[in-house]
Each structure stands twice: as structure tokens, then as C-alpha cells.
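Before anything else, here is the set of structures, which you'll find just below.
Next come two complexes, and both contain subunit A; in the first it sits with subunit B, in the second with subunit C.
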Partner chain A sequence: MITKKSQKLLKSSHSLIIVCKVSFLLILAALLRYIIMVSKYQNIIANHVEISTPLSSWKRVLEGTFLFSKNINPYEGDLLHETPLALHFYKTVLQFVFKNVNVMFIAFDLGTSVLLYFATKKYAKKFREEHAEIEKFPKEVRDTLPNQDYENKVPLYVLMSVLFNPFSFLGCVGYSTVGIHNFFMSMFIFGMVDSNFLISSLALAICSSVSLYPVILILPLITYFVKVHKSYLQALLTLLSFITFLTLITCYNSNFGKDFSFVRNVYGCILTVPDLQPNIGLFWYFFTEMFDHFRELFIYSFQINATILYLIPLTITFRNRPFVLTVALLFLIGIFKSYPCLSDLGFVLSFLPTFMYLFSYCQQGFVISVILLMTSCLAPVLWHLWIYSASANANFYFGVTLAYAIAQIFLVTDVLFAHTKWEFYLKHGKDIKIDGEDTKLSLE
Partner chain B sequence: MTLHQTLIYLLIAHLQFQSISTSDEDTFSEELLLKPLFSEQLYAHFQFATHWNIEPKNENYQHSHLFPRAVGEIVGRYNVQELHISLTGGLWRYETWGYPVIDAAPGAEVWAWFKPSTTNVDKNWKLLANSLSGLLCASFNFVDISNTVSPDFSFRPRGVVDWSNNLNNTFLRYATLPREIVCTENLTPLKKLLPCGSKAGIASLLNSGHIHNTKYHSTGLHLRHVCSSESCDSVALELQLSVSLVYDYAILGTRNWSFKKLFGHGLNGKCPLATKSNIYVDLSSSKTLNNFELSPEPDQIITSIRGGQVSDYALFNIPSKFLNVGVKYPEDFTLTVNIPPPIHANQYLTGYGQERGGIVTEIYNNHWSSLEIVILQNIAWYVPVYLHTLTITSGGQKLEPKILKYSPGKQREKPYYIEIALKLPARSITTVSIDFDYVFLKWQEYPPDANHGFYIGSAVVSAYLPLAKNYTGLPQDSATIFGSFNASRSGYLVQIRTENMVITLPTPDFSMPYNVICLACTVVALAFGPLHNITTKRLTPKKKNEEKLMQKVKKKLVNFLKKKTKTE
Partner chain C sequence: MGLLTDPSGDQRGIIWFASLASPLFNASTYFSENALLPGLVKSTFKEDRFALQYFQELQDETQKHESSIPYSWLLAKFRQIGLDSYTHDFTLHSPLNPNDTYYGKNVYGILRAPRASSTEALVLSVPYRPPKSIYPSTLPSIAIQLAFAKFAAKEKYWAKDIIFLITDHEQLGIQAWLEAYHGVTCGNEGTLNHGTLKGRAGAIQAAINLELHSVKIGQIDIKIEGLNGQLPNLDLFNLAGKICIKEGVFHTFKGKTPKYFRDPYKEWLYSFKNMLNMVSTQATGVPNGNHGLFLRFGIQALTLEGFEQGKAGSRSGFLSIGRVIEGIFRSINNLLERFHQSFFFYILPSHDRYISIGLYMPAVCMIAAALIIKACAKWCKMQENHTEIRYIKVVIQFIVMHCIGATVMVFPELVKALNSDVSSTVSYGLPSVLVGSLLIPFLLKSVNHSEGSLNLLCIFGLLELGTALICLSMNNISLGIFCGTISVPFALIAEPTKNRIFKIVQALFWCLIHPLSILFFVVSINTFLMFHQENITEFVFRALDATKQAVIYSIADSMIYGNWLYTVVSTIFIPNWLCFWNVICSDFKRHNVNVAKKNN
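Now for the complex of A and B:
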């Protein structure tokens, strides 16, 4: 009786400590963000092309709402690349809920972190339970299995990496609307892990309607319901509700079929890349320097590369690990989308703690972190040299964006390779001998 | 009167004052106005007007008498109601020079009204621009919908229109080419449009070598429909061709000018086809200050009282013999203080670097009462402006525009069009500013000299002045300078053009398209390779100490060599 009570007490005190920790982190993050936001650095950060792409710039949202207030259709011009629903949402939320643009961006960022906290908590628990029967696995890999410690640490690490990784932080401070899109993306992850098909499909429909690329995530979502939640019915419902929500959103955006001018500005811009303002992606310089008669060919191939090229093979390979699949696809979208910004990278990086068990198998951590650090420092410097001092040229900045993309590619392939290796070891053990000789693994 | 009414009053004209011709025949008049400007310049304005009473049957505009057939055909083919073109080099300095007879923007400027029966205005506009390009040897072929706007207020028809009830700016097109360089090749085709060419009459003074030495030179072609009789039961076509020149005394070497100094030679008789051939010299500056001597003696002195301004003009009828008008200033010269005209404007760029900038237009109201104006800005698509950053301040206070018309631009398709109606406070400087971003273009969209920069055209400030101070413009009912004498009206329309601006857009490296394509594709391939391996291949254990290829080769080589030595 006493032990039970004390256990309960211990548990409640434990959860109290966690609540304290989380709220302390949240308050600290909010404070830090607010301090930078009200300082003179906010404008400088918001003006950086790494943060404000044509698709994520808050200035363009302001222009759009201003034009709407003057009864001018902003989609007649091409400054605005947000959907009418998104514009309406920002305006309403800002006007009636937050009153202050700083508060709004901080709130959405904190919301993202909390949602991901709960999502990864659920995921970590489930993941640990899957590997609970240690006896089933070979001896030498048992210490790499997710344990209680993993379950406790992962959500907290994820929370911290959303709140304090510099990429998300700068994106939030610089009013990048991708920060708000990421809130819905984390809602999608939460709904997926929580086996809530309504939330996940709604959030995914919202994300797809604003930035198009997430539409491919419907496949991992369905896989998740089939393989993890073991429910074909829910998978079907997810698909149906996703299509319904997407139709409803498009209906709203087009003013019930009356005005499709936003399609050209939003999806047309995402797909055909007419605005060649530099960003951290691969598209801008490539299509600046492209010969006109090859433009279409390369637009098709780059967009296919960013969307469906890796979708099917990865889905087949990682069908039993849809969470890994989702994160991998998020990474690839972030690298190969037409207008990526730092918030995209910040968001996917915050999933890395869920792969804690793989870190010992990763080989390129050092190289990746050095490249990321260097490019993050060099990008603004070379930008300044090119645009303001006219002592460098476009190639310098292009070089940095290439290195940045390479770092991310190394990261995602490294994680995926480590995961395949880990799964192999779980099945076959580490010490495999052929004819009594030591072996090493290779892909054949 | 509300502002809106004023605007319409301001810009649609008094159609009742249409010019009236007495005979059914075509008429042609040639005039030259010489006006010493404040300080160191002389203004010479050539005005040629052809009036053509079109027969109603003559629908193709092909059988003309004095009227240039080339222009007539253009009008007939493209359904043009009105056409206004100017080709200008240099900038008219409103602050010191007052107002010109005809305002013109630096570079090329063209605006046209099409008849309401036109079905495809954009197509006709494009065709018209191409024809004009051939007619005047100018780059009008670069005019297309991507630099064309249809302003609501600034450019109303100047002549008679039979559809004033539903006057609709969908039939109006306005475009400027600020980069256009105007030179001899534009003057020669213009001279060919005159009935006497440059063989006889005042046009013979248009000597290219001397004209393009000037500080400002502007040629214009203005075509409109006017009433052919007082009852206005039939319309006539009126073509005004003009050449405006501003000579600088410093370039001339002396302030004692004469035809010979200005144009290289004197005048040898008039154009025999002209009904009016006059030369006027503005004497107002002579009367007040520096009494110059005119030679030969003028035939007549005309005193014109117009909108509170009294000015004297010396009139010369062109004799059949040689004429060389000249002036001689006294040795002791008095300097005066310049009194700027009621309204003038400047435009400039703000910001540094190639990322963000601003366009600022400053409008000076020197009049003692408030003035209503309309500002038109036709901003090219490569200068994306943010309307929410538009601020109008005057004397530290924010002004609200009375009317704001805006149409957002689209890359490679449509310019940004802003038209603002404002009430300028009395004696004030009003600043209109707007922010823009520098855009990044495709490498083939940059002009050959990419670092020369891209031009932003001038803003047009239209106002209806209550006084004719410093004003030499023609009244709406007249095509001749003679008609502007004693022409007091209720207001005087000025359309001030501001300076052109040049921005240097950030450039890519033009020399390495192949490298960029290769490098970017390599990065994509870097992702493709490992992902392809992970998804299509299986992990298999392999013996660790299995020989590598190099080792195998080495071993074989060693064995081979060993064998060889053995056999030897």
C-alpha cells in the first residue's frame, strides 16, 4: 500500500518536474525571441534572403492584406504568394487573438515545440514498447535498443531543439511564415502518431494547400495507419478526409470556384520558379543561368526530384518505419523545394533526437556539422560582399548554397544508412562470420 | 466643386473650344518661338500644324493633300483616335526655365486613345508601336503590355471625342522608353512628314548638326480629332509636329544669338504651302531687365495678356528674301533672382546596396494657395514596389491621397501603375515615397551592358494652374503659338515630367552557365546515388580481408615478373 502510494507520489513529482522544466524552457525561449524581436536586429534578420523567401516573407503578407483592404486583388500582381485562406488566417489570428505580430510568431513557434514534444513522447513510448522484449534481439545490439532513458529524453530534446536551434530561432524572429506552416506540420505529425486521422489529414491538407510539396506526405501517413496503427479503415478515412479537406480549402481559396487567380501566384510560383531571388536552395542560380529552351525540361526534372522521385522507393524500403520515412521525406523536401528557408531546416533538424539510437552508426556527423556551421556564417558575409560591397559575385553565394545542400544530403543519407544498418544488426547480430573470418557490411 | 469633379474638369477638356477652320481645304502653319530663358539659355520651339478636313467617305485616310499619308494610314489602320509621341534628349528644368510649350519626358513617350469600335486594343497598340518604330526610327517596337498602363486621370483626350459620356480608359495606352537615345535619325523622318520637308520654310532651320548640340532637344508628334466647324457637325484631323530646343549660351560661346549661330544658316523664304509662317521672339525678359537689340526690326509687336501674365512678342512675317533674326545684348549685364514656377517636381532614389531601395518624388508648390494635382507613376516590372510603404508627407505631416489608383505589376508581364490625386498645401514641399526590392533576372534578360543599369521612367505630375505665370503652353482649342496669345482660360494644364532614374540590378556571372548547371546537377546526383543504393540494394556481410582490386593487380604483376625472371 505504502509502496504503491510512494510510487504514485514519485511519479507525480516526476511529472511535476517535467512540467516545470518544459515551462521554464518555453518561457526562456519566448523571452529570448521577444528580446531579439523588439531590438533593431529584427529588421536585419527579417531582411535576410535565407529567412524571407518570396514565399515566406512577412512583408509580402502585409502588402497582400493592405491591398485587400484597398479592394485591390493582390493576385493581379506577383508580390504575394500566400493563399487567400492563409492571408485571411494571419489577419484574423493577428487581429482577434494575438494583437501583436511578435506574440503571434512566438506563440506559433512554442505551439510547434509543444506539439512535437507530445508527438515524439508518444512515438518514443511506442518505439520502446516495440523493442521491449530484449531477449528477442542479439546480445551485442541490446544496448542500442530504445530504453526508458530514451523515452524520457527524446521529447525533451526535441522540445529544446525546436526552441533553441538557431535556424528555427532566426526564422521565428525574422517573421518567416514558414514558422506558422511548421506549426501545422507538427500538428500533422502529432495527429499521425496519435492515430487521429481527422487532425492529421486536416493539418496535412492545410500544409499542402500553402506550400504544395507536403502533399506527398499522404503516403507515409496512410502507411502509418496501416502499419503502426494496424487499421485499414482509418487509413481509408484519412485519405478520404484529406481529399475532402483539400477540396474544401481550395473551394474557400477560389471563392467557391469564382476566382482561381491565386493558383498561378501560389502553385505557379512554387512550380515554375519565376522569382529568382537567391535563397538557400538549388533552384535560383540554376534557373538564372539556364538556357531558355532547356528551362522546361529542368523544371520538370527538378520538381520530380523534389517530390515523387524518392517517394515510392523510400516508402517501399521503410514501409515498416513510416516515422523515419516521414522525416526523410521532410528532409528531402526541405533540400529540394524551390524556395527553402532556414525554418525548413530548423524544423527537420528538431527530429534528430528521435534517432538518438542511431548516432553510433552515423559516420559523417562531424563533416555535416562543420559544413552547416561554415555555411551559416559564410552565407550572410558573402551576401554582403556581393550585394552591398560589390566585391564578390553571385558565384560566391551559390557556392555556399551548394555546400549547404550537400550537408543536408549527407545528413539524411547518413541517417537512413545508419537506420538500415541498425535494423540489419537487430536481425542478424553484429558479429557475423563467413568461413570463420570477420565480415563487413556492404550494399549489394 | 468636389475634387473628383475638378479632376474631370481638369483633365477632360472643354470640348466646346475646338479649333475652327474656315475653309474646307487642308491648312498648314509653321511657327517658331524664341524665348530667352532665365539665366543662360535660349528656348526655340518649332511648331508645325496640319489641319485636314477629312471627307466622310475617305475612310482609309489615303487621299491626303498636305497631311502626311504615312501618318494617315497609321490612323486608319489601327483605329487611332489620338496619338501623342515625344522623343527627348535631356531634361527640361522646370525650376529655372518655367513651362515649355509641350511637356515631354526624357527618352521616348507615347500615348494613344483608340476608337471605341476597336476590338482588340492591346493588339492594335502593339501594331501601332511597331509602325511608329518604323515611321520615326525609334525603339517603339519595345513598347508592349509589359511597360504599358492605362491611366485613369492623367491622359484624357485632348481633342474632340464623340463618346465623352462613356469615356473609358480601357481605350487608352501610355508607355515610356526612358532608355531611348534621341538623335539625327529621329529628326530626319520627322522632317519628311512636313509638306515642304526641310527644303523650304522654317523647317529648313532644323539642321541636325546644330540641333543635337543643345542642352535639351525634344521632338513631338501630336495627332487628334478636332471640330471642322463651329457647329461641330464634322471632324477634322489635326497633326502637330514640334521641335523644342534649349541652347546654352556657354555652348554657343556668346549670348548674342542669331539664326546663323543657332541653326548654322539663315532663313530663305517660307514654305509656299503654309497659310501661316511666323517667327516670334519673347521680349518679356528684355523689357524688364536686359534690353537686347533685335535685328532686323520686327514687323509687329504683340502684347499678350494671359492668365495674369503680360508679355510682349516681336512678330516676324517671313519675307521672300533672306532673314537672319538676331539679338545683341548690352555689355553690362544684370543678374536676377529666379522666381520658380508655381509647381515643379523632382524624383530620386534612396537606399544603398542592391537589395532594397525607395523612389521619392518631391513636388514643390510655390503658389500662394493649395493646388490639386495628379501624380502618375508607371514603374517597370523589374522594380517591384510595396504599396503599403507608400507615404506622402508635407511639412512633416502625413497627407492622405484623395484618390489612389493602383494596379500591381507582374514579372515580365505588367508594370506597376500608381496614380494619386493630392491636394498640395499652399507653399509646400510634398514628398511621395515608396519602397521597392531589387529583383534578380534571368541571365539572358540583362541588356548587353548589364552594369549600366535599368531605367525607371519619370513620374508625371498633372495640375491645372490658376495662373499662367511662366506658362507658354498652347490652349486646348489651338494648335498654333499664335492662338496662345491672349488666350485666357479658367486654368492652364501642365504635365511635369520628373527625372529618369537608373538602378543597377544585381547580376549573375554571365560567363558560367555550364558550370552552374553542372554543379547544381552534381549536388542533385549526390542525393540520388546513396538514396538509390539504400532503396534498391540489400545489406550483405562480406569477408573483411577480401583482396581489393589494386592488391589483386599488384599480386598478379609481381607473380608475372617473378615468372619472367625465373625463365630468364
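Now for the complex of A and C:
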């Protein structure tokens, strides 16, 4: 009796400690963000192209809402690239809920972190339970299996990395609307892990309607319901509800079929890349330099690269691990989309703690972090030299963004290969002999 | 692991950099911008008599104004020539003492281009120095400027407006004028009140700043180093040199002309000394002439400083100098686009050879790579040893160091906000903050109790230093190389150690490369070169005083001109130094390693 009671007490005190920790982190993160937001640095950060792309700039949203309030269609110019729904949403939320733009961005960022906290908590628990029977696996790999420690640490680490990784931090401080999009993205992840098809499909529909690329994530979502939650019915319902929500949102956006002018400015802008303002992606330099008659061909090839090129092979390879698949696709979208910003990388980086068990299999972690550090410091320096001092030029900046993209590609390859390797070892053990000789797995 | 355990990249980088001075490794300069067409036209400037006359009148005029600019006379002359002439008032609220205010007045005249609307402009500027000034007089340059204006006003081929600018109070005047012209404030708000301009021309393409100290010129020195180590386009430098040769004016770079030796070593040494001369000027980030402040606005500019004594036998008079100016301006007048062709990042070992960014960057990268390879090696070692590391504590420690740096950065502003005298407070406050921060490793005894944590802190420090060096040398190569050469060898041997002697030796070395100690050494060498007959104590006190002055000047420069040397040192180099200091001086227990051994 006593032991049971004390255990219960211990458990409740344990959860109390976690609640304290989480709320301390949240308050600290909010405070730090607020301090920078009210300082003179906010304006500098918000004006950086690494943070405000044509699609994520808060200035453009303000301009759009103003034009809307004056009954001018903001989609007649080429200034605004957010959907009408997003615009109304920001306006309403800002007016009736938060009142203050700083509070709004902080709240969404904290919301993202909390949602991801619960999502990864669920995921980690499930993942540990899958590998609970240690005896089934070869001896050598047993210590890399997810254990209780993994389950306890992962959600906290994820929370910390959403709150304190510099990429998300700068995005939030610089009023990048991608931060708000990421909130819905984390809602999608939460719904997916929680086997709630309504939430996940709604969130995914919102994300897809805003930035188009997430539409490909419907495949991992369906796979998740089929493979993890083992329910074909739910998978079907997910697909149906996703389509329904998407139709409804489009209906709303187009003012019930009356006005489709936003399509050209939102999806047209994302797909055909008319605004060649430099950013950290790979499109602008290429399409500035290129002869116009090749433009169409390369638009197609770049967009296919960003969307469906990796979708099918990755889905086949990771069909049993749809969570890994989702993260990989998020990474690839963030690298290859037409207007990426730092918040995109910040969001996907926060999933890395869920791959803690792979760290001993990753080979390039150090190199990648050095490249990311270098490029993120060099980019603003070279931007300054190019634009303000007029002494460096576009090639310098592009060189840095190229290295930045390469680092991300290395990262996603490294994680995925480590995962494949890990699964292979779980199945076959570490001592593999081919023709009686020791072999080693390597990526070629 | 051979590569990883051999961090000698810094030596290779330094050798690489030094050897670049040899003509075997660098290239001779050439014109990249074809539109310049230097020296293609026949010079027609004949107004040297007017220049002499202006000079005599001006000499009489300045006697009446002991310490201020004779603006009415200058305005009258500009009007007589037919320029749109204006004055420009500015005010400086001293950044060091809130109660001090200085006033100044610039005079400028605009020659409107007959062949284009006022969309582009060129500047010919001269700093005005009253008789009381400690610097050598520049009256001859004002005389030649007026004579050139008189000549240019009647020519029909100008496609860009020419602004003739005479500035007051050395660099303050030009900074205020440029800020007013572009409508921006570069330094802190409320320090330099730049006032307004009544007349304006188009976007300024290039500027020539004249400082002639005599009517007869023995040699002209071309000066290029600007604020924060920025340099003008190499084409402009080449242009000035080429026109000087054409007009038979003896010109130099850093007071030296190229010499040719049969012995390659001597040749290298001569160029290397010359190159170091440029590196030392550029590394300070302080402009060595009024041209240096134009560069930030994307305006290519240089200073022509003329001395009476020259190495050449003959001296050139106003006629040749006038024709040099004519040649330069007619060339720039041909420009169809802004300067963009040639190099913006280069080092000059002599005035006809250059080292481009592609040649010197590998040297910096090798130096920085040594740090990063060392960090990588440490990381790999840590992975193998499985030592206990407290990541969060290390990160917090790292952040605390940077908070100290940030405090140092805002310290002068805080003092100023509290309305007390900055120079005296800073000269006592700053050293005490820095000395106080030395105690951190002894106060934080409880935090660093494992070797792994200290190694991790060391890795952070190495990575930060490497990144900072590369970013710095993109902006100011000389400063990057200077910092790299000094700090990298010591950073590479910094190691948490149990050995007392090694620890003390390391700590001593590390103290020697504290940013303040380095400043002290540099200043003492300078003092020594200037006053080398003094006895030791007097010399040390003089050097200490000069160091104090240098810190205060760098603070003032950052507040008035937006010079970022003080900011960079306080936010990056001081925290980084503290990181390594912590690594070196902290005590730790080795129990983790023992545990690992037992397990094995």
C-alpha cells in the first residue's frame, strides 16, 4: 500500500517537475523574444532577406490588409502573396485575440513548441513500445534502442530546440509569417501522431493552401494511418476530409467562386518564381542568370525536384516509418522550395532530437554544423558588402546560400542513411559477413 | 587522423600570405573598365596662373581667420566662377562629454553638367585647415581646386555634375556633408547633427580628395585605405597612377616606388615591407584621408597627397597638377556605369602590382581551417572517450561570456546616458570590468568539474574564432590576418590541463594576447618609434596613456562614424578570449576518465 502510494507521489512530483521545467522554458523563450522585439534590432532582423521573403514578409501582409480595408483588391499588384484566408486570419487574430503583433508572433511560436512537445511525446512513447522487447534484437544494437530515458528526454529536447534554436528565434523576432504557418504544420504533426484525422487533415489543408508545397505530405499522412494506426478507414477518411477542407478553403479564398485573382499572385508566385529578390534558396540566382527561353523547362525541373521527385522513392523506402518520411520531406521542401527562409530550417531542425538513437550512426554532424554556422554568419556579412558597400557581388552571396543548401542536403542524407543502417542492424546484427569477410555499410 | 591531429594550417596560411608579396605570386595591375579611356585626350588645362593668384589671395584671407573657414571669400570665388554655391552647417555633440558641442561649416559649389541632367556627380574635395591646425596646410589644393573649377566651367563635355567641396574640421566635415547628402545617420543618433543641404546633384560616382602641402610638388602619394578597411575600386587607383605618369608627376604608394632587384629575396622583402605598411594602415579601420568616408556610400574615392620634398629631381607646378586632375576627371566623366569591373578587395605590395581576394583568401581560410580541424579533432576524441559533458551548463557559460562582451559594448553609451564624462569613466571602468572578468574561472569552480565540459567550451571558442576570422577578413583582410596570426597559434595549444607549469605558461601567453594587451603592444611600438630616447618608466607611462587614448578614440569613432572595430572587439574577441581563459584556468576532476577505464 505504502509503496504504491509513494510511487504515485513520486510520479506526480515527477510530472510537476516537468511542468515547472516546461513553463520555465516557455517563459524564458517568450521573454528573450520580447526583449529583442522591442529593441532596435527588430527592424534590422525583419528587413533581412534571410527572414522576410516575398511570401513571408509581415510588411506585405500589413500592406495587403490595408488595401483590403480600403476595398482595393490587393491581388491586382504583385505585392501580396498570402491567401485571403491567411490575411483575414492574421487580421482577426491580431485584432481580437492578441492585440499586439509581438505577442501574436511569440504566442504562435510557443504554440508550435507545445504542440511539438506533445506530438513527440506520443511518438517517442509509441516508438519505445515498438522496441520494448529487447530480446528480439541482436545483442550489439540493444544499447541504441529507444529506452525510457529516450522517451523522457525527447519531448523536452524538441521543445528546447523549437524555442532556442537561432533560426526559429530570428524568424519569430523578424515577424516571418512562416512562423505562423509552422504552427499549423505542428498541428498537422500532432494530429497525425495522435491519430486524429480531422485535425491533421484540416491543418494540412491550411498549410497546403498557404504555401502549396505541403500538399505532398498527404502521402506520409495516409501512410501513417495505414501503417502505424493500422486503420484503412481512417486513412480513407483523412484523404476525403483533406480534399473537402481544401475545397472549402479555396471556396472561401475565391469568395465562393467569384474572384480567383489570388491564384496568380499566390500559387503563380510560388510556382513560376516571378520575384527574383535574392533569398537563401536556389531559384533566384539561377533564374536571373538564365536565358528566358529556357525558363519554362527549368521551372518545371526545379519544381519537380522540390515536390515529387523524392516523394515516391522515399515513401517506398520509409513506408514503415512515416514519421521519418514526413521529416525528410519537410527537410527537402525547406531546401528546394522557391522562397525558403530561416524559419523553415529552424522548424525541421527541431525534429532532430527525435533521432537521438541515430547519433552514433551519423557521420557528418560536426561538419554540417560548422558549415551551417559559417554560412549563417557569412550570409549577412556578404549581403552587406554586396548591397550597402557595393563592393562584393551576387556571386559571393549565392556561393554562401549554395553551401547552406548543401549542408542541409548532407544533413538529411546523413540522417536517412543512418536510419537505414540502424534498421538493417536491428534485423541482421552488426557482424555481417559476405563471403566470409567483414563488411561495412557505406553510402555510395 | 593524420590531418586532424596536425593543426599546422595556420603556419601554412601565414607563409602563404607572406609569400604573396613576391612578384612571382601576384600580378601586375591593369585596367578592367574600358570606358575609362585614361589619358586618351590632350590636356588643355592652362589656368595655373589663376591658381597662383588664388593661392596668394587665400593666404592673405586666412590670416584674418585664425581658426575658422573663410567661407565668404570661398563662396564669392565659387559664384564668380559661375557655380551653384552653398554652405553647409553641422554640429557635433561630443560623444565623450555631453556638454561639449562643436560647430562647423562646409562650403561647396556645384558645376552643372551641360550634357546631361543632374543624375550623376563627381566630387573634388579639399579639407580646409586653418593656420592654427596641427596638420600641414592644404591651401595650395584649394587654389588648384578653384583654378580647375574655373577651367571646367567653360568646357562643354561634362556629362556628370562636379561638386567642389571644401570641408571643415577634417573628417567630421566630410562625414556630416555625406550624411546630409544622403539623408542618413551612420553613427549614434544625436551625436553628429548633419544639418541639411540646400543644393544637391545626382548620385556621386567617384570622389578625389586633394591634400597638396606646397605649390611645388615633389611627389604625390596615393592613399586608399578607408573606414573599416574598405578600399576603392582598383581601377580608380590605377587611373590616378596612370594619369600621374602621363603628366610626368612623380607618384608613390605608401611613399615608395617599385624597385627592381636582381635577388628575388631582396625583391620580396622590399614588397613585403610595403605590403605590411598597407596592412597596418588598413587593419586599424581608421581612414587615412577624407576619401575613406565616401566608400561606405558606394562612392569610389582616394586621396592625392602632395609633398614638397620628393625623391624625383624635378618638381611639378600647378600646371601639371591641374592636368592630373583634368585627366582623372575627364576619364571618370566617360564612365557609363558605376565602377564595378575591377577589384574591390585587394592588397597592394607596390603601386603597380596587386594581390586579389582569390589569392589571399586561401591564406585566411587555412588559418581558420586550422582552428576548425582542431575543434573537429577534439570532438572526435570526446566521442571516443565518452566523457561526461554538461551541455546546457557549457552553453550557459558561453552565453554569459558574451553578455560580458555586450556589457563592454554598451558601457560607453550607458555612461553617456548617465550624463557623466565618458573619457574618465571609461578609462577606469573598462579595465575594471575586464580584470573582474578574469576571475570568472575561479568563481565558477563548481560548474566546470569535468574535462569534457571544458573541452566542449574550447570547441565553441575555436569555432567562434574561426568563423569570426573568416567574416572579418571578408570585410577587412588586414585585420583578419592580423588577428589570425596573433591569436590562432595560442588558441591551438589552449587545452584544459592538470599540469601546473603548463597551465601557468598557457595563462601567461593567453594574457599577452588579450585585446587590450595587444593594443598596448602596438601602441608602445608606435610610441617607441616616435620617442625612442626616453627612459623606461617614462616610456611605459606614455604608452599606457596612449593606449587609454586609443580606446577612447575607438569609442568616439564608433559613435560618430560607425567604425565597428570597438563593437567587434567587445562582442566577439573579448568573449572569445574569456572562453579560452576559462578553459585554461579552470580546475577539473578527472574521475570520468577513470570510470571509463574501469569499465573497459
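Note that the second predicted complex is superposed on the first by the 438 of 444 C-alpha atoms of A that agree within 3 Å, B and C clash if a C-alpha of one lies under 4 Å from a C-alpha of the other, contacts with A are read in each partner's own complex, and residues count from 1 in each chain.
In the analysis below, contacts are C-beta pairs under 8 Å (C-beta built on N, C-alpha and C of every residue); 3 or more make two chains touch, one makes a residue touch a chain.
Just so you know, these numbers come straight off a predicted model, no measurement behind them.
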For A:K99, using the defined touch cut-off, is the partner it touches subunit B, subunit C, both, or neither? Pick first, second, both or neither. neither
Quick check on the superposed pair: does A:E76 touch subunit B, subunit C, both, or neither? Answer first, second, both or neither. first
First (subunit B), second (subunit C), both or neither: which does A:C377 touch? second
Return first, second, both or neither, reflecting whether A:S391 touches subunit B, subunit C, both chains, or no partner chain. second
Going by the touch definition up top, name the partner, subunit B or subunit C, that contacts more of subunit A. B
Return first, second, both or neither, reflecting whether A:H14 touches subunit B, subunit C, both chains, or no partner chain. neither
In the superposed arrangement, which partner chain does A:K139 touch: subunit B (first), subunit C (second), both, or neither? neither
After overlaying the two complexes on chain A, where does the subunit B footprint on subunit A coincide with the subunit C footprint? 388, 390, 393
Of all residues in subunit B, which touch subunit A in the complex? 352-356, 384, 386-388, 404, 406-412, 414, 416, 437, 439-444, 506-509, 512-513, 516-517, 519-520, 523-524, 526-528, 530-545
Going by the contact rule set out above, which residues of subunit C touch subunit A in the complex? 230-231, 295-296, 298, 338, 340, 344-345, 372, 375-376, 379-380, 463, 467-468, 470-471, 474-475
Given the complex, residues on subunit A that touch subunit C span 366-367, 370, 373-374, 377-378, 381-382, 385, 388-393
Interface with subunit B, subunit A side, in the complex: residues 47, 59, 62-63, 66-67, 70, 72, 74, 76-79, 274-278, 282, 284-292, 298, 302, 305, 309-310, 313-314, 316-317, 332, 335-336, 386-388, 390, 393-395, 398, 402, 405-406, 409, 412-413, 416-417, 420-421, 424, 428, 432, 434-435, 437-444
